[in-house]
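Common to both upcoming complexes is chain A, partnered first by chain B, then by chain C.
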Partner chain A sequence: MSLRPLTAPWFHGPAGHEKIWLGCAILWCFVMSLMMPYWHFRGKQNSTGEAYTVKPADFLARTEKFVAANRVGTYKHPGNALLGEVPVVEPPPGGDAYLIGRMWQWYPALRLRQGETYRIHLSALDLQHGFSLQPLNMNFQAVPGYDHVLTLTPTSKGEFTIVCNEFCGIGHSSMTGKIFVE
Partner chain B sequence: MSTTSHNLAAPGTPGRVCGTTGLHVCFDAQRFIKLNAVSGIVFLLLGGIAALLLALTRWQTVHLLPVDWFYRILTFHGLNMLIFWILFFEVAILYFACTTPLNARLYSKKVAWLSFALMLVGALMTDYIILKGQADVMMTSYLPLLAHPVFYLGIILVAVGTLIGVFNFFATLYVAKRDKAYTGSMPIVTFGALAAAIIAVVTLLHGAVVMIPTFTYSMGWTAEPDPIWYRLIWWGLGHQSQQVNVCAMVSVWYLLTHIVLGSRPINEAVCRSAFVLYILFINLASAHHLLVDPAVGATWKIWNTSYAMYLAVLASMVHGFTVPAGVEVAMREKGYTSGIFGWVTALPWKNPAFSGTALSVVIFGFLGGITGVTLGTQQINIIAHNTLRIPGHFHVTVVGGTTLAFMALAYYVIPLIFQRDFIWRGLARVQPWLFGLGITLLAFGMSFAGSMGVSRRSYDIDAQGVYGPAAHLWLGVLGIGGVLAFLSLLIFVVLCVGTLFFGQKIEGRPMADWGTPRALAGTTPGSLAHDHYATKGTMVLTLVFLACFVVYYFANWKALADVWPVR
Partner chain C sequence: MAEALAKNAYTGGAHAPAKKATFDLFARPTAKTGLVSWLTTVDHKKIGMLYGGFAIIFFLIGGLEALMIRTQLMVPNNRFITAQLYNELFTMHGTTMIFLAVMPLNAAFFNLLVPIQVGARDVAFPRLNAFSLWVWVVGAILLNVGWLSHFSDALKGFGGAPDAGWFGYAPLTSRTFTPDLSTDLWVLGLQVLGLSSIVASLNFIVTIINMRAPGLTMMRLPVFTWMALVTSFLLILALPAIAIALVEVMMDRNFGTSFFEVSGGGQPILWQHLFWVFGHPEVYILILPPMGYVSEILPTFARKPLFGYPIVVFSGVAIGFIGFGVWSHHMFTTGMGNVATAAFALATMAIAVPTGVKIFNWIGTLWGGQIMTRVPMMFALGFIWMFMLGGFSGVMHAAAPADAQQQDTYFVIAHFHYVLIGGATFALLAAIHFWFPKFFGRMVPEFWGKVSFWLIFVGFNCTFFPMHFLGLNGMPRRTWTYDSNMGWNEGNLFATLGAYLLGIGIFTYFAVLIYSYFKGKVAGSDPWDARTLEWSIPSPPPEHNFAAIPTVHARDAWWYEKHHKEEIAKEKAEHIKAEESHGGIHMPDQSWYPLFSAFGLLVGAYNFAQIHQPLVLFGNQVSASHLPLAITGGVIMVAALYLWALEGPGGYHLHLGPDGKVTESRGDH
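Right, the complex of A and B next:
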């Protein structure tokens, strides 16, 4: 009885249908826990959390240096006054790129080559921001004080939008950025 | 107080014998069950009004609120629903679980008053400062976002008040044992509540560890805590508190299926072990929220995500079997034996406590459980983190699961504890179904919009220029589901409050029956106690569940394999 104390001995091992279900459930939990390490060796999409501590001012300085050295153009967000103009920057294939999230823009815009691998340094200067690459729907966290390194290989061409998906104040929903893949 | 016995059967102990169940009810516990449950329902109504406003804003075609009020109301909604409503109601459940089933008197009235007062003052402080516009930080208040100090202080008071209530629960268990109020082992409902209480202590200590330095920082007394440290410890509060809900909800499943159908756990040892698994392995769930964060490594993420081989998920899968299996055995013992599912059609689907429980099991398991485990898979989180898929998941666990189970419980708590029969009983019979439908639509809308990349906690999806008509359609489904769920919530609150004032008094007589299946002639209770193959229907249902789980899980790996390679 569920509502009164048990006075008869109640310790019995599982039996019958219950035992069958328990077996199925344990097996499934085992499969699920093996999938994650398996994907680290065989799968191509993993979040390793590679990161280094960095002062926001230092990260800004590194980004400005990266922009000055690799700038290839200017992108003007159509109809988005908050964002204004951002430089378009093309990192060398296999090289490092820097991306800042701040209220309320992603800076700078990046131009990448299909099939090349880049180390994207992602950080935030003021509040936490969410890097959400659309329409692919890939999401990573940008946290002030941490240089979050994403080793990324674009495999499709086109214009991609970075949406902010961590609440960062009143302009949050208009905070966007661009990645162009050629 | 220590001179009087805490055995309710002892002469002179303030209590009564229930006219419906014949069980002893402690007057002190009864008073605080009433106070906490009513406060909980008031916060549920506040959070529900906020929910309606939010659903009508994210429904992009309606887009009701201005931007600042959207984020303000979102903060308000999260705290009132996830913290205040649930905690108040859970304290009521704890006071019930440690007294009536054990035949015990509540340890202390004064402690219960202190707990209640701290929780109420804290909740009101937090709500006041949010509505004043000085805490637009979301429920999670991720640093460096900073709210007014009163926001943190209010939450700390609620946490301390709850801890004191939990202490009263533990103390009652102790004095019940000491004064021999009962003999034998505590029943499963109390055991489940004990598991919830233990997890609550660990959870609230995490809350103290993270909220106190944040409060002192907001006062300017100490330096800013590290934002990643904050996320890690905050989710030790935020995620584990949901496991308190799971434990309380599962206890309510066992309680209500017992009250309505007379069902019992088919194996006490297995059910209790499952609760122990929750206590041992849920503590690591904080990692779910840090799966795409910097600075925490892949090994740490994997280990913590799978809670050491998903042993807490295993626990839920055990309860997901034993609860319907207990129902099936009880129904077959009553003589409803035709075919595999004859017992299902004979169930009292018009009894709101039963339909609420059954919907809670199905919505929690099929929708909430499957999505939760999948989204919490380390790599799959890349295509889900901070999208609407996340609230799409937790609205079917916490709302479709826990809140619906607690609503179902109210259909017995109010007659048995407040001793009034429900008004408008026909409306009550519809309420759980409408709520289940609304929440399911809401969650589908959120989940599908989230799969298309729509982010959570975002005021507007048109500014980005990347979301098409399909995303707008699913946000419309979200809006309609939200409106239906709110209507049902409003019906629930009106029924409860109306009953407290106008319900027919039932002192000394049994409560009006909501509908329970009669035992057919020639049947004996307990006749299937030793038949371990009597649960064919449950076996089929759980295997269907497992099949859905496998398909959804691997479909998500496929979706992940289609995005850009990343390490």
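Right, the complex of A and C next:
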């Protein structure tokens, strides 16, 4: 209760321009809410959050098979000896690609074709890593035991860097990988 | 029996003399000053000051950790500190600021203010209150003891401070990846802090619901007390989730289970769910009490009652409820699927509504008021502005597609520092400045208060605003260093310089407080012409708070009293007479046992953390494991709790003389 008691009637329902403002606010809420699913289907820029359980050993075996079948070269990071050499692999257009995060390396490097759609299977072998594609800055988590599938169509050519953005121990800051788009 | 007791209490008959069925192993301490009085105190004001003092020390330590982090990130490829130390620093910066600075500062204000604002003489369970404090100290020691390994080679056994991040994502916390003792201590330290919080929360819930003065209905409670109540419920409901998660980590580390071990069929994602179902309500645990301080400070300095009081209260409650349904917005990028993502995105956006309502109410409070820009008001106004900015970026995270660009980048760091420094810390600094005259009896100089405000305000914005851009440019969190070709150089340099300015501001703020403690102008009982009951009693408050328990007639109880002096004086005289006829003002006795049981917990938890390691003293192996010492600690704790139960409630009476002098009596009256 305030210092002086309120005089009745103390409540006045919305009227006139107040109703217009409230109406606009509610309408805008609907627009914003509907934009999310609309843009998901129209803009095709969102991940659908497709994920499966997988044993890390199985995922490693699948990746090794994928690397052996599609290897086109090797890549060595020029400034970072810690990362070692990784194979460069080109998945068949429209096919599946496998990408492993592990302490502290992204394996393998991928070479993709502009305009083709790929299913990138993302997982970690040891502990949690974060797939962060630079300079676009798209981030997804790579969790051991999960096969996280990103459906992806490269639209611009160039060299993209994957940095790890989930804390994974002492080598976290130097854990990088590569995706080349031609 | 219960009926008879209740009848006796209500009919005003004298209490039956206490039966001598108690057992004191140690004489009950009665010292009112000196070290013993602080170690054994059950007075909510002293406990609040201890909480506050320890919390400010940890706040400054956490700040130093932050400055070291910022120095390391000032330039690319910096080698100021090692990657290992960097990991320890950011882990402990987060853990310290949340659990050892902001939470205990809030606990300090709960202790200092809640009993007085509800018109009570102490909390419902004074000894339990002391127990919460000392258990909190145990948790703080367990978390920080690892730092010692950096100072002496003899203490290398800790393996440094915890270094797995404050979020401790499994399986990084497994024995394989963090074999050091520090992670075990981190797990038990958080567990112990949780215990402290649950005990304190129960205490405050009972105090607020049961110990309100006559006439103080729930809808007349000061908003701060309401927020303390909501926060206490949040703590009780949220902490069990992290307790279970921490037990699972402990089992994985020490006893060979596989809750989070993928090779054993475990699920690392389970940790994320359990951690965030605690971690998100925790965010509101940090921010709801600051919303309470601001709701007290704004009306005082706008010279108006709080605008829309019931809506402010219900919004706080609504935030508490919805806060339990938003945790997976921390996991949008784990691949949860569209339905879960959409549900949590909508819930997260929904929580912005009651938050926005509160902000409108605060602005409504200012509207048409006679605004006095004293220092607490400046911080409170800063809170509204900065918290709003943090809220805006919060809504941006809630949009799941946008979150994919922000997940674990510096954008997130910018966001939560805007809500936790611009929000919680600004409100806490406002509150410290506002209630300082009440509890220390001295004013803080206006000029220097304002200097520190502007240093903090400018420094804070220079530090964290550039981080929005760094984040959107892809700078990931928790990286020790970065390459110079990433485009992050200028932003980081600017942020670091801002951090130094912020550090100077914080230093000025506390230096001024220390100066005021000794040399400040003596404050009266009501220097701000404020509205709630704590301003109706002398500064600093006497041990028994109120000479007469007040009767509350209005929401702004003390403003009402100031305008109805005769009516109130008559009432108070009657209350004093009635209380004297009951035997006087009943005060609780001090006790050693809360401290002793917490000590037992420290010994037990510290040794339990390293239970499989051999016990080495002065270079000799004494025992194959730490089990005997862990058991000893447990025995000390249980024995102290048992003796605590045996010592009985104790207590003595205070009598007010006609000249206002207070005399003490013990035993039968």
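As a working rule, the second predicted complex is superposed on the first by the 158 of 182 C-alpha atoms of A that agree within 3 Å, B and C clash if a C-alpha of one lies under 4 Å from a C-alpha of the other, contacts with A are read in each partner's own complex, and residues count from 1 in each chain.
Going forward, contacts are C-beta pairs under 8 Å (C-beta built on N, C-alpha and C of every residue); 3 or more make two chains touch, one makes a residue touch a chain.
Keep in mind that what you see is a predicted model, and the values were worked out from it rather than measured.
Contacts of A:38 after superposition: neither chain B nor chain C is touched.
Which of chain B and chain C touches more residues of chain A: that partner is B.
Judged by the touch definition given at the top, the superposed model places A:139 against both chain B and chain C. Touch criterion met: A:55 reaches chain C, while chain B stays clear of it. Overlap of the chain B and chain C interfaces on chain A: residues 1-3, 33, 36-37, 39-40, 45-51, 126-128, 130, 132, 134-135, 137-141, 143-146, 148-149, 163-170, 172-173.
Put simply, chain C touches chain A in their complex at residues 83-84, 87, 164-165, 169-172, 174, 176-178, 220, 262-263, 266-269, 305, 331, 333-338, 340-342, 345-346, 399-401, 404-409, 472-474, 476-483, 486, 553-556, 559-560, 563. Contact residues of chain A toward chain B in the complex are 1-7, 10-22, 24-26, 28-30, 32-33, 35-37, 39-40, 43-51, 53, 80, 117, 122, 126-128, 130, 132, 134-141, 143-156, 161, 163-170, 172-174, 176.
Taken in their complex, chain A has these residues touching chain C: 1-3, 33, 36-37, 39-40, 45-51, 55-56, 79, 126-128, 130, 132, 134-135, 137-141, 143-146, 148-149, 163-173.
Chain B contributes residues 21, 23, 67-68, 71, 100-102, 136-138, 142-145, 182-189, 226-228, 231, 254-255, 257-259, 263-270, 290-298, 300-302, 305-306, 309-311, 313-314, 317-318, 321-322, 325, 373, 377-379, 381-387, 451-453, 455-461, 463-467, 531-536, 538-539, 542-543, 546, 549-550, 553, 557, 560-561, 563-567 to its touches with chain A in the complex.
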